[in-house]
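Letters A, B, C and D mark the chains as written, and numbering starts fresh at 1 in each.
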Amino acid sequence: MSDSPITVEEHGPELRHHFVDAEQQRDAASLGMWLFLATEIMFFGGMFCAYLIYRYWYYNEFAAGSRSIDIYLGTINTAVLICSSLTVALGVRAAQMGKRKLLVTLLLITIVFGLAFLGIKGVEWYQKFEEHHVPGNSFNASDLERPPYSHGEIDQRHEQIYFSLYFAMTGLHALHMIIGIGIFVFLTYYAWKGRYSPKYYTPVEIGGLYWHFVDIVWIYLFPLLYLIDRKPLR
Amino acid sequence: MFDNFPLWPIRASTGAGNVDALFIFLLALSALMCAAIFAMILVFATKYRRRAGVKAEQIEGSSALEITWSVIPMAIFMVIFAWGAVIYFHERTPPRDASEVYVVAKQWMWKLQHQEGPREINELHVPVGRDVKLIMTSQDVIHSFYVPAFRIKQDVLPGRYTTAWFRATRPGVYHLFCSQYCGTMHSGMIGQVTVMEPAQYEAWLAGGITAGSLAASGDSLFQQLGCSTCHRFDVQGRGPNLVGLFGHPVHLEDGRTVIADENYIRQCILSPHTNIPSGFKPIMPVFQGLVSEEQLTALVAYIKSLSPPPAGGQGGISLAPKPQYPKE
Amino acid sequence: MATVAIAAERENYLNQEYGIRSWLLTTDHKRIALLYLASITFFFFVGGFFALLIRLELLTPAGHLVQADTYNKLFSMHGQVMIFFFLIPSIPAVLGNFLVPLMIGAKDLAFPRINLLSWYLYIIAGTIYVHCIVTGGVDTGWTFYTPFSTAFSNTRVIEAGISIFIAGFSSILTGLNFVVTVHRMRAPGMTWSRLPLFIWAMYATSIIQLLGTPVLAITLLLVVFERAFNLGIFDPTRGGDPLLFQHLFWFYSHPAVYIMILPAMAVESEVVACFTRKRIFGYNFVAMSSIAIAVFGFLVWAHHMFVAGISLYSALIFSILSYLVAVPSAIKVFNWTATMYKGSISFTTPMLYAFGFIGLFTMGGLTGLFLACLGIDVHVHDTYFVIAHFHYIMVGGAVMGYLGGLHFWWPKISGRMYPEGWGRLAALLVFAGFNLTFFPQFILGYMGMPRRYWQYPPEFQVLNVLSTAGSTILAVGYVLPMVYFLWSMRYGKIANDNPWGAAGLEWKTSSPPPTFNFKEAPEVTWEAYNYDEIPAPAEVPVER
Amino acid sequence: MSEHVMSSKLYYTIWITLMCLTVITAAVSFVDLGPFNTIVALVIATIKALLVVLFFMHVKYTSEKLTKIVIVSAIFWLFLLLALSMADYATRFLS
């Protein structure tokens, strides 16, 4: 890259040439990440909008679909993500205090949690695949329980809409997890190489922001997809 | 003036005049605005063109002016909005006693069926002076029913009914366009609306091959599909009695109350378990995929015919909005 | 472009490094702007070529030139190329990229590598789209309406969808970069009230890019999923609502109109101020109207759906909200006009484009009132009236603004003057050709000619022939600047640092600027548009 | 910015709260509360999200107003999308 010879000697290697000082650089990075998270809210927002409307229209099918997903796996996965958020938060703290080994350990644990989440998610999807609950030609939801107070059969067509949203939402969330794990692999590598210090830990911090955001999306997906209606059948 | 080069569309419905009046008002308003702005630019550009030794005068701005030229346009906009809204309201609320034409759109043709029975393809015959309500659905993609001479347009959607209405005022043959892009022959999905004097129209009706009215074919379908075994008119059957259903509120099992309109009846036939009326069991078979759109319209027309027409037909067309359904 | 040697003696961003690598791996915002300039020009001519074919086809009522399917692909790809690959990146990614750091006194954008990444995303998207074009194209209209796009079209919808999805991320990253840059990178003394109005409008544009584009991204992704994996989110045969697609699509695509027009307004504010030699009348109101347009622009989307089958009541709500957004647009027009009052006006090429912009934007804006009006919209919706209206905004407005801006800042970008006489001729040709092309379409629309028609009833022919005639003039008007800009890079008169005598930090550095924009970090002690303190130079003609 | 190094005890407290809330929200969903099931689930989710944003993402300790503006505007825009879309869907049966 074209670093200027005029300014390059005034600052450490982590400060990019066009910033006045490290604070400006860190503020810019943090604002950039928050703005990016705002776009992510709107990105998932489009799906939440579809969810809201179809849930309003086809509540029974949504409730029935929700009952058919394994709530235990869902709860465990929520817990796994919350634990990973904790390790990320502690990781940022370790970076702030310059504890390199602790940082690397915490980042690695986070990655493990992330992989565990994806694994459990995979199990859940596999179940749905086995049960023919994947939208498409082989879709068959005749085994679904009706919600207690609703009458009649589940409308198979409407049930497909629930599962379409389920797969789209959890799928894109999982994609974000995969990207997050990728980012954390990089962070771990550079943390191990000792690039981060109490003076410069911005990448850890904004990587952490991203991870927490993905966690928050899941915090909403969990009740919206798993907990629509779990009341005991009358 | 120019036979081959018309500059204004023909007005052939009661609504067309309203739309044209508003359009001309807006046109005049816009012309005035454009003239004022362009004149000012021209005057300033000549009067204040750069000359040696003359400097521009720095003017900071004026809040009073800014507020004036925000508030006055806003007030004018509200007039336009209100006027347009009244016309739109009128366009979207068909008179209750309008005669009905069922329209099924598909790539790339219009299939129309009159209440009285005649079917037409890409052609619609209507008499002068009668309110005609179009109840439309699509078999495939979104289409749009557009008759420029009547100034009406309504998208035709798959999976539900949309409606439009008009009252023709002038005999003639007018374009019917599909105005929502629908695939290869979108531009070929055109037809014509023939407006006739009432006497001629009666003759046309009589001359056509009469397959019986739409409701009558709905009736035979009703028997054929076995609907009548449960939906009985003499005694309470396993299904609700459908006499007097249309246009009236229905209490549903889940506590909601809906008005039984065309879309409700449609949904009840295709997907009966979504809207179970209170007190009935979900035993009706699903007809999704078993009846065609045309059969569906016949059934809907038949069930509608079981409700007595409203007392006292609607007289002249007024711009005053009329509620589509009586409040119970 | 990389190989054209610039004969300026001073070291600048163009001659500091040579070779293809120095361009493809650059993080200099000015070089990235030129990369964008080259790539969007390519897509402009691709889209323009489609437009010409469309106009030629419509010379005769019956389809003679191309098949119906081909015609459908032509207008679909014309729309998609022009909107997603030309107009949306045009002013922000070229002029914005070049000018935002210069105008606020920064060395570069906040994230130079992300800036380069967004160009690469654009190129990846563009490559996929070109592949889509050459392997068969797409025929959904630029709007991708379901269920046609998901279940009926046999063309390359998935490819087009993914391509636009990626282009969307390029646009998001550009917007993100601008917002952060404006917040964090301003030079000392460059307060918010001293920002050029260009920056205010670009900031407003970026907000729309950030908050609107992701919704388009997810919507197109769901369409792709529906086609590729048989999901059923918009599928009416499974109880899905095709109108939901339209809601989500227009939530972005209406504000997207402001992504295209706000930057053109940004250019006009600079050009009008410079060539009237005045501070813009009502600076605060013009600045705030940009923000107001960005915010209100998100409240009006369903006015594209008045006849689509939305509820009567929401149609009323969206109609009244649509008038809300007309007010800030009107404020801008009034303020530019008022700026000319007691000015010292010179008729250079950028100013001619500015005059054209104000006139055409006024007409486009006023016809927007017709479309926001429920009663009229029912008749003119999806007719040529709509086509004419949005071309007045997007071609008459956005493209005029883009060309005007390109001429205005060309001396800064290239270090050379463009030939003024040719410039004025091209501006007049564009203006005349444009009006001849699109004014007849207003009449066609009210007559009832629906859009996207491959063949049409014969009574519409005369107006269509006029329109086609106009489009050929327009084409000449667009090719001319392309030719003389290229010519001027080698043979143009050397430009000095501030040939127009314009205010603004970008004119205080050399032409072309050095790699890090300023020899020494600027400190701003003056208000924006301090034209009373700057003498007008000799390049700007004095009228008799 | 988060110059401020927070005590790890606080992080653990937040973590335990989040875990408890997760268990509670899953458990409550089996109890029939009528329409309140949805409300409780969403309120708990919002509390959890707020805890994460305020503490794990350091928003509570940031002096930067802009961060808060960004978050609030993004949520507001999401609300616009949902509310104005629902304005159509909720009134369709009326006309």
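What we mean here is this: contacts are C-beta pairs under 8 Å (C-beta built on N, C-alpha and C of every residue); 3 or more make two chains touch, one makes a residue touch a chain.
Remember, predicted model here, so these are calculated numbers, not experimental data.
Pairwise, the chains sharing the most contacting C-beta pairs are B-C. A simple rule picks the central chain: find each chain's mean C-alpha point, then take the one closest to the mean of all protein C-alpha atoms, which gives C. Taking the mean of the C-alpha atoms as each chain's centre, subunit A and subunit C sit 35 Å apart. Separating the CA-averaged centres of subunit B and subunit D is a span of 43 Å. With each centre defined as the average position of its C-alpha atoms, the distance from subunit A to subunit D rounds to 14 Å.
Subunit B has residues 92, 271 in contact with two or more other chains. Multi-chain contact residues of subunit C, defined as those touching 2 or more other chains: 183, 211, 215, 237, 239, 241, 243-244, 247-248, 251, 312. Multi-chain contact residues of subunit A, defined as those touching 2 or more other chains: 27, 31, 35, 38, 42, 45-46, 49, 53, 57-58, 155, 157-158. Listing the residues of subunit C that touch subunit B in their complex gives 63, 68-69, 72, 139, 141, 145, 147-148, 151-153, 236-237, 239, 241-243, 276-279, 281-285, 306-309, 312, 315-316, 319-320, 323, 326-327, 330-331, 333-335, 337-338, 340-347, 355, 358-359, 362-363, 366-367, 369-370, 372-379, 381-383, 443, 446-448, 450-459, 461-463, 531-532, 536, 540-543. Those residues of subunit C whose C-beta lies close enough to touch subunit D in the complex are 183, 211, 215, 243-244, 247-248, 251, 298-299, 301-302, 310-314, 317-318.
Taken in their complex, subunit D has these residues touching subunit C: 66, 73-74, 77, 80-81, 84-85, 87-89, 91-92, 94-95.
Only residues 1-2, 4, 6-7, 16-19, 24, 27-28, 31-32, 35-36, 38-40, 42-47, 49-50, 53-54, 57-58, 135-137, 155, 157-158, 160-161, 164-165, 167-168, 172 of subunit A touch subunit C when the two sit together in their complex. Every residue of subunit A that touches subunit B in the complex is listed here, in rising order: 58, 60, 149-155, 157-158.
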